[in-house]
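A, B, C, D, E and F label the chains in the order they appear, each numbered from 1.
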Amino acid sequence: MSDGASLLPIIAILPFLGALVPGLMIRAGRTACATFTAIPTILALTMLIVLAPSVMRGEVLQAEIAWLPQLGLSAAFFLDGLGLLFAGMILGVGLLITLYARFYLSGEDPMGQFYTYLLLFQGAMLGIVLSDNILLLLIFWELTSLSSFLLIGYWKHLPEGRQGARMALAVTGGGGLAMIGGMLILGHIVGSYNLTDILTQGEAIRASEWYLPALILILLGAFTKSAQFPFHFWLPHAMAAPTPVSAYLHSATMVKAGVFLMARMWPALAGTEAWFYIVTTTGLITMVLGALIALFKDDLKALLAFSTVSHLGLLTMLLGMGTKLAAVVAVFHIINHLTFKAALFMTAGIIDHETHTRDIKRLGGLRHLMPVTFVIGTVGALSMAGIPLFNGFLSKEMMLEEAAHTVWAGSVWAVPVLATLGALLSVAYSLRFIAHVFLGPVRDDYPAKPHDPPFGMWAAPALLVAMVVVIGVLPAAVVGPLVAVAGGAVIGGGEMPYYSLKIWHGVTPALYMSGIAVAGGLLLLALHRVLDRIWLAVPRPEAKVIFDALVSWVAALSRRITESAHNGAVSRYLAILTVATVALGYVAWRGSGLSAPTRAPLPVPPVVAVGWVLLIVATISVVTMHRSRFRALVLIGVIGLMISAGFVYLSAPDLALTQISVETVTIMLLLLALHFLPKTTPRESGAGLRLRDAAIAVAAGGAVAGLAYAFMLRDTSSISDYHLANSYEGGGGTNVVNVILVDFRGYDTYGEIIVLGIAGLIIFALVETLLTGPAARRLRNADLSRNISRDRHPLMMVVATRVMMPIAVMVGVYIFLRGHNQPGGGFVAGLVISIALLMQYMASGFAWTQARKRIEYHAMIGWGVVIAGLTGAAAWLAGAPFLTSAFGYIHLPPIEEFELASAMAFDLGVFLTVLGAVMLMLFSLSRLARHAGESVNIEPMDYDPSKRVETAEGGDR
Amino acid sequence: MNHWIIAPVILPALLAPILGFVMRHDITLARAASVAGAVALVAIAVGLTMLAAGGETHVYRLGDWPAPFGIVLVLDRLSALMVLITAVLALIVLLHAVASGWDARGRHFHALFQFQLMGIFGAFLTGDIFNLFVFFEILLIASYGLMIHSGGPQRMRAGLQYVIINLAGSTLFLFALSTLYGVTGTLNIADLALRVQEIPTDEAALIRVAAMLLMIVFAVKAALFPVQFWLPGTYANAPAPVAALFAIMTKVGAYAILRIHTVIFGPGIEATDGLAGTWLFPAAVLTIAVGAFGVMGARRLMPLIAFSVVGSMGTLMIAVSVFTPEATGAALYYLVHSTFAAAALFLIADLIVTRRGADGLSAMPASVQNGLFASLFFAGAIGMAGMPPLSGFLGKLLVLDALRASPQMALAWVAVLLGSLLTIVGFARAGSTLFWKSTALPPEPVPADGAVPAAARPVEVAPTMVAIAVLALLAALAGPVAGYLEGTATQLFDRGGYIGAVLFPQAEG
Amino acid sequence: MIADILITFFLVVSGVFGLVGSFGLIKLRDTMQRVHAPTKATTLGVGGVLIASMLYFLLIKGSFSFHELLITLFLLLTAPITANFIAKTFIAVHLRARDLPETGGEYGWAVYDDPPTRPDAE
Amino acid sequence: MITGALVFAFACYGLGLLFNLWRIATGPDAADRILALDTMVINVIALLILYGIWRGTAVYYEASMLVAMVGFVSTVAYARFVLRGDIIE
Amino acid sequence: MEIVVASSVGVLTAGGIYLMLRLRAFPVILGLALLSYAVNVFLFSSGRLAIDMPPILNKYGEASYTDPLPQALVLTAIVISFGMTAVLVMVALGSYIDCEDDRVDMPGGLDGDTGKDDGQ
Amino acid sequence: MLKRVLPHPVLSITLTFVWLALVNKITLGNLILGGALGMIVPLVTAPYWPDRPTLRNPLMAAEYILVVLWDIVVANVQVAMIILFKRNDAIHSKWVTIPLDLTSAEAITVLAGTITMTPGTVSVTLSADGSNLLVHCLHTDDPEAVRDQIKARYERRLMEVFQ
């Protein structure tokens, strides 16, 4: 890396840094903004000028900063002739635009924003032309799409601006995405994403089987960006942007990015038949079509936009020809087009600014009112027409010369004729620009009184047209070296073709073609009124309409797909999940076989068969009777009972205990909830749907049964042999299930009680939300009373539960204490105690029982979770991992030896959490019911007859 | 054994009950404690990441029981990475929730938030498949609570659907685990890996079913087609900060697929050879399509973002489905990116919706700070759509590049690129309606009570900006980050290293 | 031998009464009648099994077992309450006050009539 | 002999369960269903104790004790639901 | 015996899924309850079936025991599903109170609303 | 003092027995533990026992239990006969109202329970003021006799036990 090269990344980054400044000074004045925008541009330009001499000597400057080496992406920059040309254009025109926009935009427009976007864009563009890494280039490429989106949509209140911005983004962004594919393929072929590497590998690239896809994808990017047919339509709509934007993006820079890319990739991609036919043909069509449309556009900016399309087509065609000379001509025309087109856009802007219209049909005669503008505009337009002494003439002549020698699909006429036609149309619309805007009589109906703008506004275009003339007259002296070095860069080094930059080349085919073009152009201008009428009468496909229709079709289709798929029917989502699971499970199953069964099935005693019948019948009945909700709940009770009994039979007493207690609490929960809900389920799904669901259900059920049957008949060795062997020695308990729960896998249990704790929190929070929100009013107005019976707290029940309560607590304590060695444990104990409490709540009512509650259920959950956690953490004190247990046997005569284990403290945490969570859940449901207007009991029983006696004695019944 | 490994689980597990049961009446205190906890978690996560960065696999044997008989936690670069992402995301989201006052619109936000973190951390750290289930349940149940935080009819119904679909998913998880245990007799992931690789190819029907069921379970979490249906409704109706936190939830599914289907059913295991990738690939492609169509067709802002999350999961999983270290490295980069991109978008959406009062994508008079919100939205959108200069573009490039070796490259590229196009257009349409079209309308008349929506204070906007800054930072530091992630992926595919560290600690030294 | 006979006796008795209780459920014609049936399963049915169990452990296994008594206690405490509730469920749904005999007092049956208001209640 | 009696008792209670099932399935009344479920609980308790005798172990005892305890609670809850709607007032 | 357990699991699963696919919250809750029964038994059966071999260690002699691990797992699963069911029931109730019907589907899909507004 | 530590001595003793029954073996350790629990549990559950029932005549209570046990056996056989061998239309069910002299809630509960546990009769509901008990009789042709037998055989004894 030479010393100067290290300036390259700085040049690339400067506009981005600069963009921050105007962005931060949103409310600063126009001049301040413009000044702060100009500074980084000037700095960058200065650096570029510093580097220019060495580039002009033929050196290539390179600088690389590692970024993402895994991908082959580095912040690599290089500066060769082509880069220098474009960077100079971008910065130079950028500076002029900054100046021009200062005067063009009004004080109400958010200036800071504008200049920020402008600098962002400038940076992105600079990045494209300086990138030495195609992935880096892609990044800047997409950045131009984004920043132009912002610039086009700058006047966000205008619908055309928004639509134009979106259209530009969709088309150029889409092309950029295609280009990503192309570039990745290119990198794949070459084995590097470094541009300098790629440019030397042209032979290999063109020989690769991946060449054509890469070419097409990259050209998609280039064509969309450079508005080539059929992607040309976005450019005119981008004209909704403020004119400085149009002048900058849509004449000088962004639209040239595609052309730049084709030029940049020329050594790697050009020269094949595919390249020639795709690129030249597209360019040719675009050139003619763009010029034709331009001729009939009445909006000044639209005319210029289509003219730009046409000229971009011209450039594309030249690059597509694949000859070195054509490529050099393209470079020359890029310079020329820049100068006259930017000037013309600014002219159009000035006219718009001064007359408040851009409609050619409302203009004319301005040469008298705006002499300066007239001179600038006329010089620009004449150059655009390709009239001698102006630079447009020179490159057009060279283009025609190239076209004259180009054979297209065996035809020697096709390209020359069409090229001449394009030139002819170009003459026509250029002259129309002069004639219909400036010439003719002064009108008295301009929307505003026109006069020349202040110097600041016309300085920039004036400078540009000055260059038009200078280059037009002395091409070799002024731009000769630049064309040589840039052209050399395009063709990838090697020998430069012979060409000479001069006005008179002698009598060549191009001269004839030029003559025909000028004559024909004048003729068309003369016939414009007639032709215009025909043009308007002939139906044409309107690109915007088609694009809009396409986008809304895609949007509507997307919406239809999305909304029909995500229609809010969770039942369908679940059906899909089930079907997918069964189907994929089946596929997985079919992918292999199964060993022969190794276990003999156990016999089925008759009582077990009876239990099975009960379970099956109850399950089927739940399904068939589910619309009567209470009935379904009773049947669920049968299922729970049978499963618990089954667990006992199959050597799982702990499971039986847990199952039956959880089952009871769950049923109470469901009953409490059903109190609020409708008591029946309406039949809403038709027979077809029910049949479908039944089929899905049976398939899934069958699959699960088959799966269970398959593994139950096959042996495997389990890690639980270790648990059985170490439960007593290492875990201090003989109930291996419990030791697994509180010791081997205590961490699972810790998680499990946290689930319960969270459930408690959620339920509490939910009830709070319901009771404080608008739902509370609905709840208050709900009539939930179901006073089938008038006795709420029958005496017998109250008395029985009073006796039951202490006994149940004893049972709870017992189950808790023995859990480590016998079936039981904290969880079941917690449930037993909750059930004992629930009995009280049911018998004596909520309020009376609640008044006797000593500990907040909330706090109980918290304590439980914390105790379990701290018990686990206590192991840290001994330097052991979380949940390491400790236990010991204590002998206290006369009591027999008993065990103290840390697992018990852990189990206490479990116990408290379970108790707290269950009670909190039921408590919360009762809160809802009381909110719904249920009265509160003070006494434990409806009526105590012994009180009757007392009051009767008091004579006061 | 390094006790810090379990700290990300224990700290929120102890903090949450205190928040929920002690500090439930004092929101200021709860906020301070919760934020302090989140900051501590970030510090711990950084520490663990540095510990794991060495490339060693650290094993924490709970209860001091040897693997595979007790439960172990495993800290390697991947789990440390996931913990770090979660911790950073959590801090950002929590600050937003506090600043915007979301945490006070219902009860127990902070306790549920911490429990949520506990569940996520636990899932990332565990080396035991049943324990993974338990922590899935913790993170799910906490997410139910957060989902319905502050209530409202639409949210309640969406919450109900979310709960139902996840309960079905949890049931499926248990079916899968039972089959797995029924076949192998073990639950430890390393031990499973050993036992599964010994199953003969022609007797693998059961283990293949287990592998497939597990994949579907994780696919539900990762919102892969055809089990993605739950996500848009959930995310679109969740409180926005919660939706932002949920950005990590889909990644839990992705993480689980990565972990389980490399270590246990990974490449080279004959019994389940190719099972996962074969089905993940088309699913991921279709997921991208679902996401893209959803973004394009959305009528409301929150579903739009939700669908973009779906699409990003498709892109992520397409890289995962290749099951090579290179592609996984790319997937991890995209994973980190898409997490923060989604979070940023949801936080932005919250700022906007709070002031607009509705999230319909229709022109309403411009709200206060239209320009600020527009720029934030623009940044979030280009992050999510994968446009430069934020990390999404690099992530997309990495994924596309990694897919070059895949036989289905063309389809994958078309899907990713077309999906991007639709996403870009969709976001552009939405942004243009929200922020540009609205400026054309006359400003809304000041309501009778004079209550105009307040401008967002800097503290409210800051978390969002931090999320976007993370995307920028990821892009700027893409080289080192991707290098680290490549190492992470390599470590993940080193099954022997994992198994050795867990099961044969002495051999490891 | 005597032990065997004793145990067998209690088992058979319990089986018979248990079965009769459940049989009553399907044989008897209206719900109120059916409420009577399970009391047999509860008392002599389960009671017989429990006694058999205690005898079995005492006489055959040689270990003194009496925790069966606790189940008996539970059943004696709870069975009347459940029967009472079930009967009330039936009359509350299917019968009106006039279908039943008078109470003979000032207040109707508790199912249909509110309790006397207490002087101390609001 | 005891074995025979046990088989007889198992058969009686097994058959009883089927009768209960019939009543639960056919109703017709809520009271009938609750009653049948309650009876079913009682029969299951008997069966569990019989099983304990059959196996000569007391390890299943707690299950029957708990069934007795919670069976009562759920029966009362079902009945209270029919009677009052809200089981905890 | 294995066929008894397998078929029970199958029928419970089928019933559970059928109810889970209904349109109202209550049958869906019932369905999920059935499914959780099914999966608990399924998980339990992964330890294979054994009669009268409860994993309670006998200190006084040799005995064989059934696999205790699935039992512990089922216990964990039961507790978790209990917590989940409780939350599900409450959320269903909340949804019913807020939306005034207990449908599980969202009427207007993603964009629909329940016709009820929060504040009013 | 004793009353504060042992508010329900009978209950405490009962609970100690319950504990011994639960652990199913009588050892000194269990006796101590059971005794301790028998003291603690009543204290913990005391709020749910607002009024303490008093047993006035424990001897009569024993007699009552024996009578009831005998009646249960006899009635079981009678009712089994009715269920098994009587045609359904030959079963004459009757409602019987029993005016109560008992006023103690505990006593009424025991009476109603007894009626239910002896097969053939089920107590259905009290009157709203607890002064009458409605009993359903499975098969009788003489309701008055049933009422008188209940009053004489059970209520009289309970009056002595409780009041």
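Just so we're on the same page, contacts are C-beta pairs under 8 Å (C-beta built on N, C-alpha and C of every residue); 3 or more make two chains touch, one makes a residue touch a chain.
Worth saying up front: this structure is predicted, and the values here are computed from it rather than measured.
Undergrad: Give me the fewest steps it takes to get from subunit E to subunit F if each step has to go to a chain it touches.
TA: 2
Undergrad: Among all the other chains, which ones are in touch with both subunit D and subunit E?
TA: Joint contacts, listed by label: A.
Undergrad: Based on which chains touch which, give the shortest step count from subunit B to subunit F.
TA: 2
Undergrad: Across the interfaces A-D and A-B, which one involves more C-beta pairs in contact?
TA: A-B
Undergrad: For subunit B and subunit D, let me know how many angstrom lie between their CA-based centres, rounded off.
TA: Taking the average C-alpha coordinate of subunit B and of subunit D, the gap between them is 48 Å.
Undergrad: From the C-alpha centre of subunit B to that of subunit E, how far is it in Å?
TA: Chain centres of subunit B and subunit E, defined by C-alpha means, are spaced 26 Å apart.
Undergrad: Between subunit A and subunit E, what's the gap in Å when you average each chain's C-alpha atoms?
TA: The answer is 37 Å.
Undergrad: Between subunit D and subunit F, what's the gap in Å when you average each chain's C-alpha atoms?
TA: Going by mean C-alpha positions, subunit D sits 22 Å from subunit F.
Undergrad: Can you list the residues of subunit B that touch 2 or more other chains?
TA: 130, 134, 137, 141, 144-145, 148, 151-152, 161, 164, 168, 175, 179, 181-182, 187, 232-233, 298-299
Undergrad: If a residue has to touch 2 or more other chains to count, which residues of subunit F qualify?
TA: If we look for residues of subunit F contacting two or more partner chains, we find 18, 22-24, 112-113, 125-126, 128-131.
Undergrad: In subunit C, which residues are in touch with two or more of the other chains?
TA: If we look for residues of subunit C contacting two or more partner chains, we find 16, 23, 35, 37, 42, 65, 67, 70, 73-74, 77-81, 84-85, 87-88, 92-93, 110-111, 113-116.
Undergrad: Give the list of subunit C residues in touch with subunit A in this complex.
TA: The contact residues of subunit C facing subunit A are 73-74, 77-78, 80-81, 84-85, 88, 92-93, 110-116, 118-119, 121.
Undergrad: Tell me, which parts of subunit E touch subunit D in their complex?
TA: On the subunit E side, the touching residues are 52, 54, 56.
Undergrad: Across the complex, what residues on subunit D touch subunit E?
TA: Counting only subunit D, the residues touching subunit E are 55, 57, 59.
Undergrad: Going by the contact rule at the top, pick out the subunit D residues touching subunit C in the complex.
TA: Listed in rising order, the residues are 1-2, 4-6, 8-9, 11-13, 15-17, 19-20, 22-23, 29-32, 34-36, 38-39, 42-43, 45-46, 49-50, 52-53, 56, 58, 61, 64-65, 68-69, 71-72, 75-76, 79-80, 82-83.
Undergrad: Show which residues of subunit A lie in contact with subunit C when the two form their complex.
TA: Contact set of subunit A toward subunit C: 788-791, 794, 796-797, 800, 803-804, 807, 938-939, 942-943, 947-948, 951, 956-957.
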